[in-house]
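These notes open a run of structures that come right after.
The same chain A turns up in both complexes below, where it pairs with chain B and then with chain C.
Our next item is the complex of A and B:
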């Protein structure tokens, strides 16, 4: 299954809907999604993993790279839609220290305003 | 909220609060800075964040990526430079394994370790504990290129964990690390009968230093290892006196 990233706005929050498998080939689509979500917008960004079926270690590295880019511009990142397993992976890698983990889009939108 | 298990759950390490080496170690191994330590957060280091990609084409070797990674996992320590030691489990590299590392980098002796975060049939990844010279992840993998040649690759997404390591990486440490991984790729290629010509590509992912992480220096494995080495004769003397 390929990977794609769609961008939309909800209530001042840029949402990147991630679809498919995040692995080596996802680099371009992920970066492009992030650029579209952040161009002309200094606010927080939500990474929505609800439609992500698979992440391997290369995929985690891509996400870390994205977080580094966000951190460089002092941008807050929220994530939602992670399965319990990938929540564990975010805990092990301690990515969770640097993002706001939310169960769903609604709670992410509320957290973004907090 | 979704709860279904992904197809690759068994490829990932299970969550742990602290690291523990579960296998026997040789007597000469210095086991510091691993037991009871937490994994270092991937974004909590001090220095600039680098993505370094080391690659070698296995031209002429008729070997599938799966076979390359199988051999790499089973013989991992054998591909290291002389004097650099990786004390892992005997069999192979598996998710959740914790291994001890004794290395000399930039003239400094270091006892540290890694957690095997992920392993499948074409890749495996390590994370480092707090106090290691860098925080981040290193992924070892193999894949078939469009021209049919298998390529082995090491991708390190890392930043120095504290200001001293950052200074070290700017002077000698980075070069030592590069030599280590280029050596590993040459050795791996030689295992398959190939005279490998490894390459290195470096990209600075984040140029900002995280000054709020300055305090990471108090966990430095290098400082602890140097202190351990310096005080070793005193401990021996104490031991001799106690047993007399």
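Our next item is the complex of A and C:
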């Protein structure tokens, strides 16, 4: 399954909707989405995993790389839409320590304003 | 009445006097050259023997010479008639000596031969006893383990030998397997074999690591090892339930394992025992799967020669192992091949020892008895993305086991990650090298064994991923695979040999059926 990343704005929050499987080959689309989401603004970015069916260790590495970029520019990252399994993996890898974990887009939008 | 004949008392017996002549006594040389009877009074020699004879009142000495060698002397005191020995007397004695000397020589040889025979018989008897004692050092019977056939063969080149093998019962059902060879043959080697066996048994009871066992045995043996003698020895610990075999090798012949598609050598580095204090022993492990067989052997097989001087060699052993029929006894197959090569008149050059570990193939009754069930074995080509297919196939295989969705997700991730590692790192994305996946179920455990062709390479120490370091750019963002696997399963067993690398994922089924 291909991977794609769409970018939209909701109420000052850049949302990157991730679609498909995050694994080898997803890096260009993910990076491109992040660039589009962050160009011209310094606000928070929400990664929406609601349409992601699979993340492997390569995908985890891509997300960590993206977090490193966000950290370098002091940008806050929020995530939503993760299944329990991938929430668990984000906890195990401690990615959750560096993002704001939200159940859905609405709670993410609220958290972004907090 | 008839009168009894009058008995006349015999002349008083003359006590024979024995002399011991030193080979360096000048009298010896003189008598050898004399050519006839010699009057003692006329001799002027500085000879201890001559002094003895004079004191014993010897008047005449007749040399007994056979084939130029002085083999004795006839010593005569003065004549009872108090007359001198006449020329006739001397001639008579000379003739007597020339006749008696060869007969005496024959008698001496017969006596020497009888003594030799007695000594040989005594030695043979001692060897027979030594043989019996040595037989007692070898296991009288092989361990009886469900799902396995452990067997051994031992035949010394002489009455006693330097080869040995042993099965040592360890805790948790594990078995220590020993095969060794003391340099040299015969009694010295047998004595050292007995000592080594005792040392290994005592050390094996204290340590769980074969490398550590050999290391300690070496330290104990080094001080007492005679010059130019050492012991090659392989020590392995078999975990029958899982099939895991951990081994270390002190310079012994490499064992061979026959797998479904190949024969591989179970190599591990180490110096022979008794040579060098402080030696370290590399430790390796492999997983012996059902249907696989491991042959340990001594150099008496590989180094046997045919009548035209050609050596049997390791390739012929490998050939026998390769073509081994599962219904046959591998020991007999090796021996048949060896005897066909050496010929019927072969004089066995060295001790021959074999130990065979045969993990029996599964069948339905075995599964029923062991509670283990093989759910599936399949292969996938080493192409990127095929880990998804492997993952999906495992999901289908375990579908009826009632694993809850959360735990099933963990299993899926672990299988996919381990398969991805096998494709990328083990098989280097070579589509011709398959990844083999075997799924087995035990009463409370599911196992997924993922095997690639990445054996033989040193496995680098794993660096635990540190997200802080990764975010600071001090570590690559990658390197999560093994970390994820370990966190998804209850246990992960990694085994490797010269060819294959296997990661076995152990997944507790808990209350699931």
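One rule holds for everything that comes next: the second predicted complex is superposed on the first by the 114 of 114 C-alpha atoms of A that agree within 3 Å, B and C clash if a C-alpha of one lies under 4 Å from a C-alpha of the other, contacts with A are read in each partner's own complex, and residues count from 1 in each chain.
Here is the rule we go by: contacts are C-beta pairs under 8 Å (C-beta built on N, C-alpha and C of every residue); 3 or more make two chains touch, one makes a residue touch a chain.
As the structure is a computational prediction, the values presented were derived from the model and not from experiment.
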- Message: Taking chain A as the common reference, can chain B and chain C both be placed on it without clashing, or not? Answer clash or fit.
- Response: clash
- Task: Determine, for the superposed model, which of the two partners chain B and chain C contacts more residues of chain A.
- Result: B
- Query: Is A:54 touching the first partner chain B, the second partner chain C, both, or neither of them?
  - Reply: both
- Message: Per the contact definition in the header, classify A:67: touching chain B only (first), chain C only (second), both, or neither.
- Response: both
- Message: Taking the superposition on A as described, I'd like to know which of chain B and chain C A:103 touches: first, second, both or neither.
- Response: first
- Could you say whether A:92 touches chain B, chain C, both of them, or neither, answering first, second, both or neither? both
- Message: Identify the residues of chain A that lie in both the chain B contact region and the chain C contact region.
- Response: 24, 54, 56-58, 60-61, 64-65, 67-68, 71, 83-85, 88-89, 92-95, 97-98
- Query: What residues of chain B sit close enough to touch chain A in their complex?
  - Reply: 1-9, 11-16, 39-44, 49, 51, 117-118, 120, 123-125, 127, 136-137, 139, 141, 143, 155, 157, 205-208
- Item | Interface residues, chain A side, partner chain C - complex | 24, 54, 56-58, 60-62, 64-65, 67-68, 71, 83-85, 88-89, 92-95, 97-98
- Contact set on chain A toward chain B in their complex: 24, 50, 53-58, 60-61, 64-65, 67-69, 71-72, 81-86, 88-89, 91-95, 97-98, 103-104
- Message: Considering only the defined contacts, which chain C positions touch chain A in the complex?
- Response: 384, 387-388, 406, 409-410, 413, 416-417, 420, 465, 467, 470-473, 476-481, 483-484, 487
